[in-house]
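Next up, some structures in structure tokens.
Same chain, two partners: chain A is paired with chain B first, then with chain C.
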Partner chain A sequence: MRTLAIARNTFREAVRDKVLYVLLFFAAAAIIGSKALGWVSMGQDIKIIKDISLASISVFGVLIAIFVGTSLVYKEIDKRTIYTIVCCPIHRYEFVLGKYFGLSALLGVVVLVMTGVAAVYVLVMGGELHGVFFLAALLIYAQLLLITAFAVLLSSLTSPILGAIIVFCIFVLGHAVEILRDLPPQLEGTTAASVLATAYYVVPNLTNFDIKAQAANGVAVDPGYVAWVLLYGLVYTAGVLVFAALAFEDKDV
Partner chain B sequence: MRLRWVIVAPVTGLVMLFLVVQIQFRLDEQRTRVFDQELLYLPNEHLLTHFTAGMGPVIADMLWLRALSYTVEEFQGDGRFTWLSQMGDVMTRLDPYFLGAYRYTGMFLAALKADDDASIELLKRGIEHNPKAWELPHEIAMVYMTNRRDMPESAELAALWLQASDATGTAPARVRATAQGLMQQHRMADLERAMWEGILLSATDEFERAIAERKLQELVIRENVELLNQASQHHAEITGATPTGFDDLVAAGILREAPGMTDPLGGEYFFDADGAVQNTTLLNLAVDQIISRMQGRIRHFEREEGRPPQSLDELVLHGYLRRIPEHPFPERSWQYNPATGAVR
Partner chain C sequence: MDVIRTENLTKIYPRHIGRAHGRSLDSLTLTVGANEVFGFLGRNGAGKTTTIKILCSLLRQTSGTAEVMGQPARSRAARRQIGYLPENPYFYEYLTPRETLEFYGRLHGLSRQERDGEWQKLSEMLDLRDIADQRVRGFSKGMRQRLGFAVALVGNPHLLILDEPMSGLDPLGRRMVRELILRLRDEGKAVFFSSHVLGDVEQICDRVGILVQGKLVDQGAIATLLRREVQRVEVIIEGLEESAIASLAAGAESHRISEAGCHFMMGDLDTANALAEQAIRAGGRLVEFSPVKERLEDYFMRRQITAEAAS
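What follows is the complex of A and B.
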């Protein structure tokens, strides 16, 4: 209940943030403007609209998660509003979870709105929508939840700028993680290969969440795969949130 | 305050826009000159896949737009299409389901660059990822019906690919009709014409239409050459001598008047030393096709041996080529540069 109250306040606070609307405006502009590229694409306009829509949802969602998420806890400490909260009968982990759920709800609304705008736009432009388009949006949201968990963790540990840089690196590395597995043959059987193989499983594999290509081309995705990815996201996110709560428990405020 | 927004802001905006557009024009002029170099540094598709942070499909779209402008430029220019195959590879590795990239790059490679090997390889890779798309087996059938029409089994293979296209359940009716025509051993040229006419009718894009029109013109030239050769043979039967020019055919009463020497694509008809009618447009196409095939074998040799072959004979010696194809133009031969691995 106390977590919910903090989540509600975090949501309200984030909704009032002008940065959110600026990012939403650019996302909507990218989606609507994508048609212009389609004019010179030899019949690939609908695919391009879908690609740019899903990429916008992903990129702008990540930007919101990083910029809002990494300052969530830090801002409370910096403005000293944290004192009014920690002196209340509330566990620190409840505060961290409340912050996380508040931002997650905001991201949920953002993804929902952008997916809705993109879907309507595709239909208006005469395109066809398949279920996989919405599954792709769902997995983008699951990815954003994981990124947000990292942002909240970093928010408890460092300054917003450093936190944003680290989370952005996690985002990029998470998409490049397959490179740790596709090693050149000369590394086979070496210690380096074992270390890199371990790193492959430890680093969050964000390519799991990426079915944007299938969504834009209307290629069906096995629902079992989506369920496994959601489970992967849930387990990883829960783990990172535990670390975030622990980090905040130990923090001197 | 108001005055600032009503006068100063629009004036500043207009001045800025004017200057920016002028500078951009200058920059564009300079950039088109380095277009080839720009493509030379097109990154490896594996690297791109790993470091695009999930933006692979969008980058593939951007590359597709670039590939289109490159293809149109080459189509209207010297028609080398050097980077087309690599662009197709990168696009389809970044977005393995990009049907349009497989289909049209395959079509451009076969119809414009005459590189049927690269076209079929790309289209087959596309089928692995898009097994329900009728367009990809259809394009392979087109390669067999056009680029490989002289192969003895081409009609059979084209029919099989068309059946595969029809089996997807989404192909237009003309695909099944052409497959049946091939099986009933109708004339390949008639079926090819019907296919290109179908593409011309259903094309939604100006460039696709231009390619279909060009292919239909090539068919007309091919038929003209065939008819003129029949006339030449007829002349030999009647007079006992091979004709040396179209005037001989007119003089023998076989042709009412000498045909125009230039074809609609700017090529010329001429008699070779054996009295056979040739056409430079068709011969140039054959040259491009053979060069594409030989360059593919040279690249294969280079990958395997770590160096380009010293001569074209070395390709035959190591089993990369069964024999060196004859140059389609009479009295011309292949020029090979062992330093660059280029054939002319």
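What follows is the complex of A and C.
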């Protein structure tokens, strides 16, 4: 109940964040504007609309997760609202989880609304929707949950600006893990190679969550693969949240 | 059982960029008994807030122990017994007092029925009914303080820890806080609070502790700490000739003239009595005869100067 109380409050607070509405406006504009790209790609307009819609949900969802998430705990300390909360008979991890679940719920609503808008737009444009489109949105949400966990971890450790930069780097590296693994031979034996090799094992492989191409082309995806990716995301997210809870456990506020 | 017990409590802040590391609290050993109002005094930066934050689990001590009701202060069992009012309390600006108490009731694990009961009791005690559904955003300092007290009292804690509860309040607000602290003591609670308003502390505290540069230099009942003997005596006489004033002033420590008459400051009761008799014989009329004993403020200054000189 204590975690839920903090989560509800976090949700209410995040809903009032102006950044959210700015990002949602741009996301909606990108979905609607995808038609323009459809015009220049002969006969591909529905595919382009689906592709850009899902990409918008992913990119703007990540931006919300990063900008709101990295300030979640930090803002409570900065505004000193945390004083009377931490003094209550709660576990500190309940506070961290409450903040995380609050933002996750908000992202759930954002993904749901944006997926709904995109789906309606595809239908209005005369397109056809397959289950894989919604599975793609589900995996985007799973990816957002993982990114949010990193944002909350960084929010317990550092300032929002530095936290946002680090989480953004994790996001970019997460989509480039194949490059990290297949480094050019001239880097062999250098410090850069060992740093990048470490990053390969630490950073989650976010390309696993990306089935936008299949969704745009209406190609079915194996449900077993989706389940495996969801499990992968869940385990990784849980691990990052454990670190976030540990980081906050002994923090002086 | 002691409500608060600390032993050799020390806090050293780590070195950060642009800030030297420092010993904020140095081997603090103090006790606060049940049903006691304890005033925690010290200049800015003396370590009062650091102590309070350690007791409320916001900071972790570098060494030493801090216990509340026999439990480590950081334990949940101890925090169930603590109600905390920070200096300038901060709450979610978009919540109303009713929603704020509902939120803290949930954090205390209270059932819906218990939360409703807490609202009924605390909103009446702290006069929150008229502002029950207004957003905290527009609240004055006094309204925030009332809400802060209500939040501190959620869950009916045994100990109240108040950081500068009178800070920034107008005279009516300060009176409200004084009356509330005494009422809470009458209800069986212990109150531990820091304050710079020494007049208020003297009025309501059973015991005080004085912190100088992180060290506790004194703790005890106010009556036993202050010097009992008369420090000086102020005698006010009216209707004296100028020549008589000049003659009497020669035996006084100082004198001044106001609309009330001539004020003579005497060193002790005997010389003050002698001066009063002489003044009456010279045709004056005794308006006031006030023996001045040491006040908490005098004592605080005396201990401050001694301790700072020693360090």
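Operating definition for what follows: the second predicted complex is superposed on the first by the 231 of 253 C-alpha atoms of A that agree within 3 Å, B and C clash if a C-alpha of one lies under 4 Å from a C-alpha of the other, contacts with A are read in each partner's own complex, and residues count from 1 in each chain.
Keep this in mind: a contact is a pair of C-beta atoms (placed from the backbone, for glycine too) under 8 Å apart; a residue touches a chain by one contact, two chains touch by 3 or more.
What you see is a predicted model; the values in this text were computed from it and never measured.
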First (chain B), second (chain C), both or neither touched by A:58: first
Which superposed partner A:175 touches (first chain B, second chain C, both, neither): first
Touched partner set for A:210, first chain B, second chain C, both or neither: first
Sites on chain A touched by chain B in the complex: 37, 40-44, 47-48, 51-52, 54-55, 58-59, 171-172, 175-176, 178-179, 182, 206-207, 209-210, 212-214, 216-217, 219
Contacting residues of chain A [partner chain C, same complex]: 1-2, 4-6, 9, 12-13, 16, 79-91, 250, 252-253
Residues on chain C engaged by chain A in the complex (per definition of touch): 53, 56-60, 76-77, 79-80, 82, 84, 86, 88-92, 94-95, 103-104, 106-109, 148, 151-152, 155
Residues on chain B engaged by chain A in the complex (per definition of touch): 46, 49-58, 60-61, 64-65, 68-69, 95-100, 104, 129-130, 204-205, 207-208
